[in-house]
Amino acid sequence: MRKIPVLKRKKSPGRTGKIGLPPGSLFHTGEQKVETVRLTEFRYDEDNVIEESPDPHTGSLPVPRKKDVTWLNLDGLHDIPVIERIGHAYGLHPLLLEDVLSTGGRPKFEEYDDHLFIVLKMISFNDESRRIDAEQLSIVLGDSLVLSFQERVGDVLDWVRDRIRTGRGHVRKERADYLAYALIDAVVDSYFAVLEKLGEKIDELEEELIDDPDESTLHRIHELKREMIDLRRSIWPLRELVNSLIKSVSPLISQSTRIYLRDVYDHTIQIIDTIESYRDMVSGMLDIYLSTVSNRMNSVMKVLTIIATLFIPLTFFAGVYGMNFRYMPELELRWAYPAFWVLSIVVFVVMLIFFRRKKWL
Amino acid sequence: MRKIPVLKRKKSPGRTGKIGLPPGSLFHTGEQKVETVRLTEFRYDEDNVIEESPDPHTGSLPVPRKKDVTWLNLDGLHDIPVIERIGHAYGLHPLLLEDVLSTGGRPKFEEYDDHLFIVLKMISFNDESRRIDAEQLSIVLGDSLVLSFQERVGDVLDWVRDRIRTGRGHVRKERADYLAYALIDAVVDSYFAVLEKLGEKIDELEEELIDDPDESTLHRIHELKREMIDLRRSIWPLRELVNSLIKSVSPLISQSTRIYLRDVYDHTIQIIDTIESYRDMVSGMLDIYLSTVSNRMNSVMKVLTIIATLFIPLTFFAGVYGMNFRYMPELELRWAYPAFWVLSIVVFVVMLIFFRRKKWL
Amino acid sequence: MRKIPVLKRKKSPGRTGKIGLPPGSLFHTGEQKVETVRLTEFRYDEDNVIEESPDPHTGSLPVPRKKDVTWLNLDGLHDIPVIERIGHAYGLHPLLLEDVLSTGGRPKFEEYDDHLFIVLKMISFNDESRRIDAEQLSIVLGDSLVLSFQERVGDVLDWVRDRIRTGRGHVRKERADYLAYALIDAVVDSYFAVLEKLGEKIDELEEELIDDPDESTLHRIHELKREMIDLRRSIWPLRELVNSLIKSVSPLISQSTRIYLRDVYDHTIQIIDTIESYRDMVSGMLDIYLSTVSNRMNSVMKVLTIIATLFIPLTFFAGVYGMNFRYMPELELRWAYPAFWVLSIVVFVVMLIFFRRKKWL
Amino acid sequence: MRKIPVLKRKKSPGRTGKIGLPPGSLFHTGEQKVETVRLTEFRYDEDNVIEESPDPHTGSLPVPRKKDVTWLNLDGLHDIPVIERIGHAYGLHPLLLEDVLSTGGRPKFEEYDDHLFIVLKMISFNDESRRIDAEQLSIVLGDSLVLSFQERVGDVLDWVRDRIRTGRGHVRKERADYLAYALIDAVVDSYFAVLEKLGEKIDELEEELIDDPDESTLHRIHELKREMIDLRRSIWPLRELVNSLIKSVSPLISQSTRIYLRDVYDHTIQIIDTIESYRDMVSGMLDIYLSTVSNRMNSVMKVLTIIATLFIPLTFFAGVYGMNFRYMPELELRWAYPAFWVLSIVVFVVMLIFFRRKKWL
Amino acid sequence: MRKIPVLKRKKSPGRTGKIGLPPGSLFHTGEQKVETVRLTEFRYDEDNVIEESPDPHTGSLPVPRKKDVTWLNLDGLHDIPVIERIGHAYGLHPLLLEDVLSTGGRPKFEEYDDHLFIVLKMISFNDESRRIDAEQLSIVLGDSLVLSFQERVGDVLDWVRDRIRTGRGHVRKERADYLAYALIDAVVDSYFAVLEKLGEKIDELEEELIDDPDESTLHRIHELKREMIDLRRSIWPLRELVNSLIKSVSPLISQSTRIYLRDVYDHTIQIIDTIESYRDMVSGMLDIYLSTVSNRMNSVMKVLTIIATLFIPLTFFAGVYGMNFRYMPELELRWAYPAFWVLSIVVFVVMLIFFRRKKWL
């Protein structure tokens, strides 16, 4: 029998450790995912691109300039002084920094006076644990400046970096808002990859369901259901977020970038649609599982009933002729014993025919 | 036993291959459905109609003129240079072209500066696979110009072509917006045809349900349920789309065409209504299936219980008189054996009456 | 056993035959319900009333006059030329006429330039088939003019005709909008009559459910459920329709008539409320049915278990003393056989007491 | 066994008798609940209060005066001429009077030119029938005037009368709108009393559910569920009604009374909340009932299986040594019979241990 | 067997005792939770803080001053004169005081002319009863003044007091609105702590569900479900409340405090999200429980069927050779008895193989 997977509750959003701290206190609520934090800086315009890695504690932080776009990315969130330093350098509100550090939060979009703040969840399918990993990406979009904060090195954003380095695509020709869009687009694309994996899981489960479902199938169905619910919980606010970005009156987002964001918006709807159909499929699988179990029960019952029905009457007759009454004329008859067998076989066959008629066989 | 249909997950929307490409990159995400792409051009006013098939790569693309209506239709989406050529000729946004190629998208309506963009799903019932086939139709409505893009030759639009060629109906008397309406109307009509087929499927299933339901019936019910869900997913955005068209302030759509679109809108509501009743019917069928299965179980149990109840006591009595005690006065009695039979039959009959009273027989 | 009613799918809205026809083509999609169409004309003011039946094809159609109210009613929709003639005479849009003929549509309200168009469903309970019959009533409200189109002679509107003829009630004192209101009110009243009948059906089913439910009860419950769903589908748009009428800015509806329409609106809400409670009752009946079936199964199981539990041990003991071992001291004892019976009866009684304790008896 | 309560359908709203009557016709649709109608009149200001009972048919009806507040209450609705007389005296619209008489209606609020019209349901728990009784209260709020119509004498409004008579509370210091508020408040309070009783019913049912649930428990749960649904149906429109009153721009309601109405509004939300939790509890009870029934079935099955499993193999062995083969060496052995018993007991005990391991005992 | 927890209905909101009292009457509807009421007063600005405990009946109540912030807190609500005294001193509306005393109410926010009124529920997990305790906190926010009313001493607000005393955090630098925010924030944090405990309960239940579920598991699941529903009922209005505070145009709340409130708002959404996932998990647990119970039934049935199927045919054969027919040739054969055993064992083994194939073993 397959092992029954224990349903794992995701730890509740890690506010507990923070209770009692004054609001705006910086406190990293997630688990530390990298050894040391790392800063990377891109500075580009259509013709040039500079890539640097200033020291997070002592290196000079880039000053945004009108004429090009500056992208400063931080990997790792456990080093509070670095966060505070960045916050101070670019004039970020303490609550914004708090949100950057609270990796248990949900996607959101907030407008501050001279920058926009976006929190996203990048997801990826962990092939080992066969579960979905989520990582928080916070983006601050200022004038000619993008700050991004992520929990660990290595992410779905590498494609954006490649395009900046090589100059492929539009990104080098556009301003900071397009870069922010490109990051969001990359995150949304990560959902498609995970959906693909979930789709494969569903296919596997369906085959298992037809072949040989057992109790572990039920647990797996529920696990899948829960993953879908989790996914849905992070994609819905993502959709709202993109919508708010499109509708935002902020001058930081140009009209042409809004058209691209509309495209991202369509993708989020498409993801929601796919999740909804997966959910329906999983519900259907639950029905089929339950019905399969009950059909098996049925077939067990039928075997029992057939055996009992075939033999119980015959056993009675055998019992009758095993009685020790002195006066039982049949016992003396020569052909009585063969007749008993003939009778037994006739009854047996008649019953088999009856069962076939009833569609039990 | 009927074959159990395996529930087929529809491939998730084909964004996977595109992940990492810069947005606006043209990439056909569907499967190629025709050998070579084909362009057809209609140019008509009330009195004249010209029909041509320019070469997709080299033929001259028609320039729209105020005095007549130009309809350019492309069959087949895999030939990117052709798409790019058309996009360039008529000033279409790269994201619009991307949507034309992403056949996994959902129906939508977008307004661009000097044209409207509409994505629809034409559906048809494939009699062989007994499934619903969907094909994407993208329409660009400009001033005196309609561009349409479809995945393969042969479609529900032939009636519109016929009416243009023969001059039947209003289409030749009206402008490009009426042509766009006629195309949408034809697509919406295709849903009625599919609903008709689904209705027949439901009728078949209901008869099967009364006659002789088995495990495959359950799978078929679920398959039907899923088809209905898919259909509903494409008709709801279609309804919104038509509504947006009616409410759009674009000068490209005349007041009189809006009245016709209102009619299409009513049809989409009617389709939704029909799908909802079908869904209710299918849910009811599920209840009936489950109840039938449990009733069968019941009848199996009854047979078992009747047999056991009739014979077990009699077998006990037979066993008693098969005992070898030296002092069993009954064994010596002359009438004991016939009395045993009489008693057995009386008990048997009394029990039969009891069961009939209990409505088990 | 009662006959199982087959769930009848209502034919899908009859657009299929129309697919490919240009929009606005006149085509009667329902079944023909009368032999020949019939026109009736009322022309009344507070003092006088004229009733006539002009020939549908050749008779002169009344011209509406400011000083009185003209009501032209058509019974039967299959005679297209008559429809076209009326449409032409009163300047009706082709799509309006199409809606008059599409009897599969849903209730709706549309404003045209100089008239309002209302589509309603009159329902009645057919005592023979024990089902709900629906008939479409289309009303065109112009200035001093009401046109009405129905599928067959004989309807819920006779009360309105009576009041016009006899001058009872307000109708003769008011304008055309009040007449339209009176027609709508009569249609809404027809729902109350049908609800009454459905209520009786529910009462019958509940008694059946307590007395002796079988598989046909389940089918009947589902049939009732579906009728309720159908009813709900036609009453909801009716409610919206009346609401739109009240809120309409059209000068064709006077302020005082709006107060009456508000009353009709309340009635539609009351009907919806009643249908909702019926639905809840029917759901409860389903639960009770399923629970009754499972309780029966339970009682069957109990009988089986009691019989088996009472006799199987005794049969074992009888079997033991039927063994042929040479050395079985009990067999020789004089009181062994009576002791066997005493023991059997004691075990039997003890078990009976045990079962009574367990509440199985 | 407890008696199974038959689910009683409430008679459908009594419009049936009215079908065909012209709208605005006065017709009492409820059952007559008092012998004769009775009029009571209060006329008060801060210092004085006059209480009178004018004859309904001939007594002079009070004329409202600016300087004090007049409250005219009618008990009993079956006497149409009295209703008409009041309607005429205070200029009430015929549809308003129709609503007063249609006791099957739902709570509503309507604004007329110079008065407001409110329909409420007072409820009380009938200790005898253990059901909820509802009575309709209609309130007309004019300038310095409150008219109220109820179905029978004796009601939840006595507290308001007491406060007017004794001058306790604010009511004597305030205007007619405060009196209307006090009446509504008293009606809303009647819901709390009924909720308390329903709560007790739930407690009883829960104990029954733990102790000894049977089929009547299920029926009782469904009855409770239905009562809750009925209650919910009358409290929701009540909430809307109070909300409309608060938001109404009518000068008949002063700003200070609106603050009190906001308080009533909070109470309606609290009632809805309580009903919702009761509904959840009742749903949970249904789950527990079904699970209890299935657990009982389980325990019956276990007993059957244990008995069968313990004795069937032993019976087989007894049967073997009851065979009459000539050459059965065991039969001759001295210790064979005791060995048989030892073996039987060992098998028996081993199986008992096995069952205990499986947690069946 | 674990004890079955009886589902405890929370007493319905304690309005019953109040029915008939004039509105605005002060009456404490909760249970008294402290011996004597206690007043504590904080008066602080950035540099100084004064903490006092004036006698509730005779001590002088602080007069709010522009230059600092006054916070007056009352522990215990049963002493009506004290409440009235405070109400009188700060000009509070009688209905506001009534709400302070009605501890059964739901979270709400109301704007009065010169103060804002907020009702909250503080919750905490009672480790002894393993249930959630709720306590009502009412806050009145005036200009430079915060009044707070709670049911008992000792609460989640101590952190706020500490911060005022020590000057940590922002609170001393800000005005009264920030203090009100800090109180709300502390209350919202209390939900996170309770969620953590509920999460642990869920983990325990899940282990129990895998190991050894019994009827008490079902009851526990339902209890958990109900706690979640209760929690949800108090967090939803809390969210609305915070939202209304943010959107309120009252000058009592500064722009900078609104940014902090937006943060609280995010936390309430996060709590709702967590509760929703917990609810989904608990629903899944219910499914798994029911499926486990039915699987056990299945395995019981299988054992029964296997035993019966293995032995019933063999018992029949043993019965046959126990018959006393005179002419049974087999009985005389030397090898008949061993052959019987061989046959029995072969049948036995064949059946075991058959069962293994069927996956019953």
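Per-chain numbering from 1; labels A, B, C, D and E assigned in written order.
As a working rule, contacts are C-beta pairs under 8 Å (C-beta built on N, C-alpha and C of every residue); 3 or more make two chains touch, one makes a residue touch a chain.
All of these numbers come straight from a predicted model, not from anything done at the bench.
**Q** Quick one: which chains contact chain A and chain B both?
**A** Touching chain A as well as chain B, we find no chain at all.
**Q** At the chain B/chain C interface, shared numbers over all numbers used: above half (same) or below half (different)?
**A** Counting shared over all numbers used gives less than one half: different.
**Q** I'd like the Å distance between the centres of chain B and chain E, where a centre is the mean of that chain's Cα atoms.
**A** 43
**Q** Centroid of chain C to centroid of chain D, CA atoms only: how many Å?
**A** 27
**Q** List, in ascending order, every residue of chain E touching at least 2 other chains.
**A** 294, 297, 301, 304, 308, 312, 315, 319, 322-324, 328
**Q** For a quick check of the interface rule, what order do the chains take around the ring, beginning at chain D and passing next to chain E?
**A** One full turn from chain D through chain E gives D, E, A, B, C.
**Q** Over in the complex, which chain D residues touch chain E? Could you list them?
**A** Residues in contact with chain E: 159, 163, 168-171, 181-182, 185, 189-190, 192-193, 195-196, 199, 202-203, 206-207, 210, 259-260, 262-263, 266-267, 269-270, 273-274, 276-277, 280-281, 284-285, 287-288, 291-292, 294-295, 297-298, 301-302, 304-305, 308-309, 312-313, 315-316, 319-320, 322-328, 359-360.
**Q** Under the definition above, what is the set of chain E residues touching chain D in their complex?
**A** 4, 6-7, 9-13, 15-16, 18-20, 22-25, 93, 95, 98-99, 104-106, 108, 110, 212, 215, 218-219, 222, 225-226, 229-230, 233, 286, 290, 293-294, 296-297, 300-301, 303-304, 307-308, 311-312, 314-315, 318-319, 321-324, 328, 330-334, 336-337, 340
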